[in-house]
Structures are given as structure tokens and as C-alpha cells.
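Listed next: structures, encoded as C-alpha cells.
Each of the two complexes below includes chain A, the first together with chain B, the second together with chain C.
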Partner chain A sequence: MNNRSYSARQLKEQIKNKSLSPQELSSSIISLCNSVQEKYNAFISIDPDIISKEIEALFDDKLKVGDNAPLFGFSYSLGDNIATSGYVTTCASKMLSTYKPPLDAHVFLKLKENGAIIIGKTNMEEFGIGCSGESSYFKGVKNPWNTKHTAGNGAAAAVLTGVVNFSLASDVRGELRQAASYCGVFALKPTYGRISRRGLLDSASSLENIGLMAGNTMDLAAALTAVAGHDPHDVTSLRSEAPDYISLLEGNSKELQAAVPENWQDAPYLEDELKDIFQGQLKKLEELGIKIHFVQLPHFQHSSLTATIISAVEAFSNLANYDGVRFGYRAEGRHLQEMYTLTRSEGFSSKLKKFLTFGALVSSAKYYNDYFLKAQKLRSVITKELEDCLQRYDLLLTPTTPFRAPGPGILPGREELPDPAGYYTAAANLAGLPALTYPLHTKGLPYGLQFTGKKEDELTLLKAALLLENENTLAFPNFDFNNQGV
Partner chain B sequence: MQINDEELKNASWDARIKLTQQEEKELHEQLQTFFKMAKVLQKIDLGEAEASFGAIKGYNTLRKDIIEPSLPLQLSLENAPDADSSSFLVPKIVEE
Partner chain C sequence: MPEFETVIGLEVHVELLTNTKLFCGCSTAFGADPNTQVCPLCLGLPGGTLPKLNEKAVEYTIKAAMALNCRIADEITFDRKNYYYADLPKGFQISQFFQPTGRDGYVEIHLDGRSKKIGIHQVHLEEDTGKLLHMGDIISSPYSRVDFNRAGVPLIEIVTEPDIRSPEEARLFLQKLRSILRYIAISDCKMEEGSMRCDANISIRPAGSKELRTKTELKNMNSFRAVFRGIEYEVERQRSVVMEGKEVIPQTRHWDEAKGITKAMRSKLVSANYRCFPDPNLPPYKLPAEWLEEIRKSIPELPDSRYSRFTGEYGLPPYDAEILTASREIADYYEAVLTGYNEPKSVSNWIMSELLRLLNSTNTGINDCKIKPEDLGKLLQMIDKGTISGKIAKGVFEEMFATGKKPEDIIKEKGLTQISDEDTIAKIVDSVLAGNPGSVEDYRKGKNKALGFLVGQVMKETKGKANPQLVNKLLKEKLDR
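After this line comes the complex of A and B, so read on.
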């Protein structure tokens, strides 16, 4: 069984007419989780007791979860930097490997209210920084299309294998979308502030927000409808009401105008096959009535560099509180300063230690004006350039990443500053714009097609994705865990 | 541009991190690539552009000045590596 062959809607019917027992459903889901974990290392925590209790609640008529709850029967996972008081929340770091937060994230509470079942906490890069599968304390996530390659994170692998209907994970410079592209699933990073960030243990506050992944557009829209909206306890939360994306998706679409950066082929490590595939997709979109316009966005190409500098400085500041005093790992030191230094040197991965040192360097007095301040100014320029472009056009189209999922011997930009995987994705984080990646299934590992939209206009992105989805047959692999393989 | 060892040591001290020799070597290499790529920052004419500190303008608003319950003491101390009934405990601040 997996969730694509056994949808939440079917499940709802079976629970309603009680043709399936809670025990049968729990044991089936737990066994699927264990198989996915064993083969791909997608999860950091799976708790069979929590899964069983959540499922029993679905069957219990007396409990508040009614079968008319919008996400009744949907299963999901949370990235392990989203706080849950019932599960450890490790940020994939030794520093927090035993940390149990005192509070639940806003998104967790909203999903519970909407009837969704949490399956587990997914593996990721340490503190959500990057997508190359190198820094998790719990080892990397294998890509279910080809286990020699990285999945980017566990959220994408969980959606691809069908163990969950949707996943939530964070996006600093595009990590959510990059992993979705590597695994060939849908992902949406909404406008900054559209989904509450309360309970997100972030590394770069001004860039990072929570996004969603799913196996189709409608599941993405259903999950977004449940978690989007104002949260008075999050000062970065947008004050405007979030619409019901599902009902609006059913409405008619106007003719969309899409922009493509003229210099989109300048990305380092851009694969030749992707050039052809992307051009083919542009033709397909034109056939579907979307008008394509090539535009000049001269500073777009610097967005990954800009976001790398800003995220490193913000991480240097945000992660300063991991010092062994109030929570997390502590190393023994002869005095306080030594305890701080040893705690952080032993508690963080080698990759993160270098990244934080880089953040300290570019924000130091000598380099501040030439690098950090310049990056902040460039962020304003990139934001204005994108906003001006999106005044004239409904969407900006690019590939999601310049290359397929990195693997052994083909790790483009491994530990490079800036990270080349963020070439197309980082601009949306700098400007706080919504961006969606649509899966492009090919003969080998998949690619992604990215739509970036106007602030608070997630609906247009979902409509464009649905238009393509209705025309394309996506070739998801058929995972049969009983027979050990795809 | 070449970063010298002392600058790197100062930066890692600011981050309260001790890098191994191997990590220092790797970071030097990364920084060489970075500074090569970041030369572009010095060439771009940013005109009168103002620095941007967030994705949403004016998002950092203050809430009303009303006292609300905060995290209970016991819950705050629950994850501490070392604590007594009311405080976080840390090693002494001076070397012996």
C-alpha cells in the first residue's frame, strides 16, 4: 500500500463505513514507514504509539476530529526543525539530538485541527542549510529513484514513496524546492509570512519560511488552505486573510503571461539535457495558452551569492544561542568560554562550523561594507527587479535547479560558497515571493520547473501547475515494499 | 583576495568555534572561490539602493504592552544540560 494508490479520500470512506479497523490501518502505515526508513533514511523520528493514537482518534466518533475536517485521513510529515512537543526536534544536529521542545509549532496545531495524521519527523540538512545530503547528524537521505543520489531531504523522499500525502519543510535559499526537484514531486514555498513561522527553529529569519510538498497540486492546495493565515503570535505573519485555495482552483483561469529570464542558461553546472527539457516545457505551456516573454533580469544571476552571504550572517547570529546552557548538547569545559567553544565545535557538523565562521567573517568590521552591506543592498535591487517584472507578467519561469540530484562523483558545487543549487531558487527567498516547483519526470532522475509569482498570489502558481498536471501523465515509480523495490 | 590565518582564527573565535586544521584548510579553499565570485559585488552599480533587512516591509511590529503568561519555569529548565530547581547551571567563568 502507498498513499498514491490508496488516497486520503478513499481512506475517509473506509473509516466512515468502518470497513477498515484502526489497528489494520496503523499497522499498515507503520510497516510502510519502517520500509521507507530502512531503504532511504527519510525519517529522524517515527513513533508507532503516536501514529496509532492519531488513527484511533479518526475512528472515534466522540472525539473532535470529525470526518468533515478538511484533511481527515491525510497523512503528513514535518521537517525536524519544526517544533513538536511529542517528538524530539533535532534540526538534524548532534546539538539538539535529544531536544524535546516545550511547545508545538503553529502548523502542527493547525494540521491537527484539520484532521491530518502526523507520521513522523523527516531528515534534512543540519538546521535546514543546504540540500546536498552532507551534514545531517543522522546521515543523508537516499533518493528513491536511485539510492546512489541524494534526495535532498526526507520530506521529498516521504512524499515520493507515498508514505505521506504531504510534507512540510523549511526553505532558506530554496532547499524545499531543490529536494522536490531532485525527487520529482510538487513543492510550494509560499509568500514570506503566509504560513506562520512560530515553532520553526530557523537559521536565517529573514529568508526562511515553511513550505509544502505533495504528490499533486490538489493535495498541495488542501494542505496550504489548512496552514495558511494570520498568526497573532508570529510578528512576521501576514495580516491578510488566506483564501480557500481548493475552491478557487476550481474557477476559470485567465490567460496567463509568463516571463523567462533571457540569461537563464548562464547557470553554472547547467545540464545540457535540462536545456532541451526546459525549452520543451516552454513550448508546451504556450500550447496550453500561457504566453511566454523573454525578459531582462540583470541581477537575478547574483541571487544565490546574495542569499548565501545574508543567510550565513543570520545563521551566525541565530545559532549563537546553541551554547550548551539552556538546552541541547553540552561539552565539558574548564570554564564558561571553553564550554561554549567545545560545545559548539563538537555539537555542530564540520560543514556548519565552516559556514558559521564564514558568516562571522563577512559581518566583521573589515568585510561588512564590501560584502554584507552590499548583499543587503543587492537584495533590494533584486526584489525591485522581480516585483517590476511581476507587475507586467503573472509568473516567472525557470528550471528549479541547474542539475539533477547530486550523487557520488557528481556533486556539483559540493560545499561551494555560494551553493550553485540555489541559482534559480534563492531570488524568491530574498524577495519573499511565492515559488512552486513542478516535477519533470524524465528517463533518469527528475528535474523541476519553477514558477515564481507575485506576493500573496499562490493561487496563480497552483493554477499553472494544475494546468500542466492535467495535460501530463507523471511517471511516479511504483514502490512495492513487499517485494523490496521500485 | 587571500584571508590570512589570523583573520580566520578571529572569525571562528567570534562564532565560538574551534576549527580543526583540515577544516581551516577547506574553508580557505572555499573562501578563495567565494572571493573570486564576489568580486562582482564590487563592480555592480547599486546606485542609491538601500539595504534591505527583510522580505516584508515593516513586519517587525511590536505587540501591545500587555503582560501575558510566559513559559513556566520548570518547562524552561527541562531541556537544560544542568540545572537546579530555579536556575541553569554553568561552569565558573574564570579559569582555575
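After this line comes the complex of A and C, so read on.
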């Protein structure tokens, strides 16, 4: 149990028994949004008119949103690289700062069907690449635990402050889980293909997934049930139908076998405090009946570099359409070549340009075999290693990030490739496996505990998280926005 | 002067006759207004739809690869070729780089009475680019406009081995390729409309040498004639470069049809860095054996097999067989006529001299020809039976071609039935002999030419309907008496 549980269900009651008017609800949500925005810069777009209309629809019996819709009363946000035709979808880039996509993302349509209300589009790193709070055209997101530190992205800050019940954001090398860890909330990156990628403005299609964040396991499961499932318009989407996670979570769980990489302490920039906390967690898990096994995963340590190379090459290709010809930002040039160069020089942040240049370099004829091809081979090796391990154990257990939310002057490995924040998270992207981060609230900034599971087995991860959640008391801070909370 | 050998490899792009594009539902129809057949996907707009492979295009590619005697892969991949150009909306072209559909095939051409196999390196499927439109020519135009209707249209690329040795072989190869691809009905292969495009890699080397020398890539040849002339010019150009003691520079050159020359466009090395990798939005695509079998069964008899049947079974001369089998429709028509009138050479003569002449002069396709094959058969039977003369038959044939009427109806309407009654002709012969005593005198003095004149007079009297053999016979009898 935690103090973020079941808030949506309470709201549902209030709407049903009309103890709240749509105007009251709208104005309280909008003012909460504004406060969160003012203090933490969590959003790129908030549209009070859209929020009011969606809330009115909840109260209007004639409109389709029935109160038996699974997500009735739930509010959520979307990362700004998930297409919404009603909101600009900027990818936090100058390149798209006024861009409205032609279509709505699959997940947006699913959530609408399920009765959830969209509150806004959240801030993030440019094109969702990384989690260090440096590259958003709209400036970084402040961590509500300590505003001197980054929140990783707006999705995590929005969930943490309670302005939404859950949020959706993308995960290329672990960004979703890293931000959730920095903010101390729950996050799940499902199996690759579990959630349709239609409408995701992705930077690295083979690694990138839409994932979910929430304040508790049940909200995570409810949101997953709504958006998971086969989409015939995404050929990379899983063929199998997604189960109803909520009802399956109610059953008893068998004893779980968890693997821990024996060299988990080798992560660069691993904080000493985290070592103790993680070891303490292992003990606690054993007490809860999760058996811990130390295993050898010799290539796991290369997963961040491998994912960095592959994602940089794919981003170089995926973002090649940002050329100023048909949409988005366009600089004036005397000829085509100059127009391209200026458009991309001015439209992208220097951090993104460095990343794309790296992608261009490692895939160039000169370095293709030594870097890109090698990374692709390593990807298969890492995938095989993880799959073999997960044949024998139910899940893999690691910290989510080696360190807490970076702050002023503390940005571990800033100039380094690979990204040290992805040390534990990138492997799940390489192998397309589901991974969940469970929040560890400590003094000061929180940490995260990561469970990586078998392909298509999100359920085991949710069960493990629920087990911990029921035993621990998670204390989310109470954010005082001058008494404007719902 | 040293002897040189020419080494040519062709890269032929052929637009497939699918109704929709390779990865989206946009129409592929030719000639629509610019940018009316586009969608977020083929425009490369962010947040649009994801690519969905057009299975018909895969089927057509397999069909082509089979018809070109290739090995077919059991799994194909789609890969990105990354480069920037204004006609390329996504900044990459989706093609098959790592696992093409077909490999190691060949096409047989007939040259100077012998046949030669041109190796096919590979056949793969890819998407077309958009098209830049300019005011006048590209250099003086103040701006470029882009039409994306063509962007994403499925193309197959056929890459030959460097087996071609002359401009004539290149032309024959292309004609044979077009004929095969039209037989299997996967493309209309119109070079003028750009649905068949050909680039040539050309190099020369001292005769007898086996190594490959520096090549140039020749583009912009928009007809079979242009391919022939362009290659011919480029070979000559390379020869004179080498004769001057200079080196051939590897580059892309454009054929200038009006000036009849090739011009350097860009250095080849610049564009070689395509950074190919499997498209992460398109997983490998399996080609199940049963599906391949089904496709193989749907392939009709191809020109080569038909050619040998026409020369063997029907005893046609190679020239006739080549022309009749070049188009599936003509070959089908020919064989349909034979079912009603089994005289292969005679039918071939009629089709090659009369039918193809009329089709060409009226710019009509064989499918729109009004003469039904069985009616042509009937007409030829009537000549054999003596119902009409060969000469009259040609007139009837033209009438059939223009109106589609049956030969017996035309003959009846116009009273063209041949006069084969001896008494009737004898009377006319008598009156002609009586009216031309001078010619009779000449004949009897040994001037055989006079007989022809008298035959002509009888034919004139009967408006050409008299049976010519009978006229000859009666005239001779009466004159020699």
C-alpha cells in the first residue's frame, strides 16, 4: 500500500455520486497542472480547453465514456514524442516546436476508448534520447524531490506530483526507467511489440518502446491492460493478445527465482550508498520468498555501449527526414545543400547533433565493421545470454541506475560513450525484454530496483512489484501547491 | 592499334504493376497531378503510420526472379540505404541489400544465329524516389519542385553480371528482359514513361584480359536506341582516353540524347557510403515453400521455351519464331489461329506481313485487334478451298481489321466469291480472245508475256473473282489448240 494508491478510484466515486462538479474538477486539475508546470517544467503542452472538455464528457451520460470504462477517472500524460493530432508534438526539439502530426498514436486512441483523460504532453530530452536533462528545447525538468536535480523527464515528475495517475513515455536505452528511478515512481517497459509503436516519433526503432509510469503497481497494470495488444498496423507488434493484468494480479504467486549478475557492482559511477541499499533489498526479497541466485553474465556490461552505437545509427537514419523540405523547422539557404545544413544545425541541439554525428561515423564505410557490425553481433550475444539466464530464473534483479538523479555539477560520465545511466537498463532494450523499476524511497533522492523478465512475461514483474509494494510503506512526498490539490 | 574488349553490366529498374505503393495504400497510377497520390508515410512525415509490406509486390518480384532463372531466398530482408536528396522523403530508401529475393539467374539472347546466356547477379525489390521538376533544365531553373507521387512505388532492380560485350548485346538483353517481364505481366516496361530504366556500367580492357578495369556508370538512357547509342559512344570515348595514354576516371555520366554524347555528372566515390542496415520497422519476411510453388505454377510458358517449340514443333524459321514469341499476346494469337487452321508457316506469313503491318500503322495493340483468331483461320481456309483468291483475301482481311466482320459475311455482302465454274469462265475467255486478236497473234509467235496480259483481261472482266488457275488453264487450252 502507498499513498498514491487508488486515487483514480476515489475520483470515480466522486464523479458517480456527483459530489464534485465538472467545473470544480477541471479547475482544480488545471491549477494543479499550472503549479507543477511552474515549479518543475514537467509539461511542453497543457491545453485547459481540452482538459475541460474531456472532464465534461466524464460527467455527461449522453457521451460514450461510460463509468464502466476500465480507466474511468484516470488522468494521464503522454511524452511529447507520442503523436497527438490535437496537440503540437515537439519531441522537445526546435525542429518540431510547432508541428502537429497528421494522426493520433495508437496508445492515445486506446486510452480514449478506455475512458482516461489526457492532461498534457510531457517534457523530455530531445527526441527521447537520454535522461540527463540537458537537451530539451523547452529546458530541463526539475526533480520535485529536489529542484536542483533533474527529474529525467516530465512524465516521471507528473506521476510523482500526482497530477496524473499514470504517464506514457518512450524508452530507448532505459530513459523511462531511469527517470522513474530518479523520481521514485513505478515504471514498466513492456516486451518489444507489446504496445504498438504506431504514432511514436521514435529515434531508434529496434530498441525503442512506449512504456508506462505510475504511482503504484495496480495503476501500472490497469494502464498496461488498456494499451497492450496486437496492432495490425504495426508489423513489429506482438501477435499474441495481452492478458487482463489486473485480474491475473489477484491470484497467488508462486515462489520466484531471481538472478543477480554477480559483478553488478562493476558499474561505473556506482554510488556507495546504493550498494548497501541494494544488498538490503536482496535480503528483504529473500524474506518475502524470492530466492536470489548470483549468475554470470559476461557481456551484460557492454549493453550500454552496444545500445548507444545501435541507437545512434538508427537515430541518424530515423531523423534523416528532418531536412526542412516538407515539414518542421526550415532555415533559408542559397541552395539545397546549404538549406539542409542550416536547418539541421539550427533545428537540433548540440547534444543531439553530437549523437547523430557519432551514428554517422560508426556506420560509415570506414568504421562499419569495427563498430556498427560488432555492436549488432554483441546485441545477439547479450540477447542470448539474457534469454538463457531467464530460462532458468523468473527474473533478473539489478539496480535501475548506478546513481541518483544528476544535479548541478554532478553528471556522471557526461562526455562519455556509453551513457553510464544505461548500464543496467540498456540490456532489456537490446533483447526486447520487459523490465520494471520499483521505487526505493530513501533519505534525499530515491533509487530504483529493476526487474527484467522473460519475453511477454510482464505479469511476473508486476507480481514481484506488488509483493514488495504490499510489504513496504512507500511514502510519496506531499506536495503543497497552496491547497490546490484534488 | 590494340584490340579492346568491352565489358558491360546493366542495372535495370522496372516499376511493378501493383495498384498501391510498396509500404502504404497510395495509388501508383501514372500521370496524376503532382503530390495527389501521397500520404504521411510516403511523405516521411513524423508521427504518421508504420510501413506495411505490399505482398503483391513481393509476389511479382518472386515471379520475375523465377522467370529469370534465379535461386529464390527462403527469407528476405528490407534494408535502408541512407542518403540525402530532395526527392527522397525519408532520407533513406528501403531496398534489399542483405537478402535479395533472387540470385544467380540468367537470360538467353539470340545473336547472329547463336545463343548466349547473360548472367543475372540478383533481383531485388525496392521503393522508388520522388521526382524533381525544374523550369527548363536543372542548371538554369531558379528553383526545384518535388513531386512525391512516385515516392514509394515498388520497383524491382535487376543487376546483371558483367557478361555483355557490345551495345547490340545490351539492346538484345533489354528487349528479351522486357519480353519476359511482359509475359509474366508484372510491369508494362515502358522506357519512355520511365517504368523501365536502365543504367550501364561500362569498361574496356585489352582483348584476352580477364581483369575488370575502371568503369563508368551511364545513366539517362530512355529508349532501347538510347541504350545502344549511349553505350556505343561511351565505349568509343573510353577507347580514345586509353589511346591517349590517360586513365578512365570512375564516374557517373549522363547520356545527352540531343547532342549524342555522354557527360560527367559526379564522382562515383562520393555516393558510395550508404550505411546499409536492416530496416528496424520491417522484420525479416519468410517466403514459405508452398507459396513459392504456387507462384511458380502461375508462370506461363516463357519466350525461350515458346521459341524452341515454334522452331521445332511448327518448323518456323528462327526469324519468324523470334518475332512471334517476343510478345505473349502475339504468340497466343498465333497459336489460336493454328487451332482452326493448322498451316504454321502460312499463318506466320499472314501475321508477320499483314497483321503486324496493320497493327503498327494504326498504332493498335493486339488485344484491341478486331479480327478474331478463328476468323483469320476461316479466311485462310477459304483461300485453300478456292472460295476466294489470295488477292481478294487481302482486301477482305483489311475489311475484317477495320470492322471486325466475319470473312464469310464480307464475301457474301460484296459478292466476292471466286468464280470457279468452267463454263462461265470459258465464255469470258472466249470473248477476251475475240477482243484481243493482236495479243493472240503475239502469243502464238512465242511471246509468253501476252498470256499474262490476257489473264489480266479476264480478271478485269470478272473483277478479280475468277479462279486464276482455271483462267490460266482455259486460256492455254484455247490458245494452244
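Going forward, the second predicted complex is superposed on the first by the 475 of 486 C-alpha atoms of A that agree within 3 Å, B and C clash if a C-alpha of one lies under 4 Å from a C-alpha of the other, contacts with A are read in each partner's own complex, and residues count from 1 in each chain.
One rule holds for everything that comes next: a residue touches a chain if its C-beta (ideal position, glycine included) is under 8 Å from a C-beta of that chain, and two chains touch if they have at least 3 such contacts.
In this text the structure is predicted, and so the values were computed from the model without any measurement.
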Query: Of the partners chain B and chain C, which touch A:105 in the superposed model: first, second, both, neither?
result: second
- request: Mind working out whether A:368 is in touch with chain B, chain C, both or neither, as first, second, both or neither?
  value: second
- request: Specify the partner with more touching residues on chain A, choosing between chain B and chain C.
  value: B
- request: Once the structures are superposed on A, label A:235 by its partner contacts, choosing first (chain B), second (chain C), both or neither.
  value: both
Partner chain(s) touched by A:313 [first = chain B, second = chain C, both, neither]: second
Message: Per the definitions at the top, what is the overlap between the chain A residues touching chain B and those touching chain C?
response: 99, 102-103, 206, 235-236, 316, 320, 323, 325-328, 336, 340, 360, 364, 376
- prompt: Where on chain C does chain A make contact in their complex?
  reply: 40, 43-53, 80, 82, 84, 86, 89-92, 144, 146, 272-273, 275, 277, 280-283
Field: Interfacial residue positions of chain A with respect to chain B in the complex
entry: 99-100, 102-103, 192-193, 206-207, 232, 235-236, 238, 299, 302, 305, 309, 316, 320, 323-330, 333-342, 344-345, 348, 350, 353-354, 356-361, 364, 366, 370-371, 373-381, 383, 415-418, 429-432
Message: Help me check something: in the complex, which residues belonging to chain B touch chain A?
response: 3, 7-8, 10-12, 14-20, 23, 26-27, 30-31, 33-34, 37-38, 40-42, 44, 46, 49-56, 59-63, 71, 75-76, 78-82, 88, 90-96
Message: With touch defined as at the start, can you tell me which chain A residues reach chain C in the complex?
response: 83, 89, 91, 96, 99, 101-103, 105, 197-201, 204-206, 233-236, 313-314, 316-317, 319-323, 325-328, 336, 340, 360, 363-365, 368, 372, 376
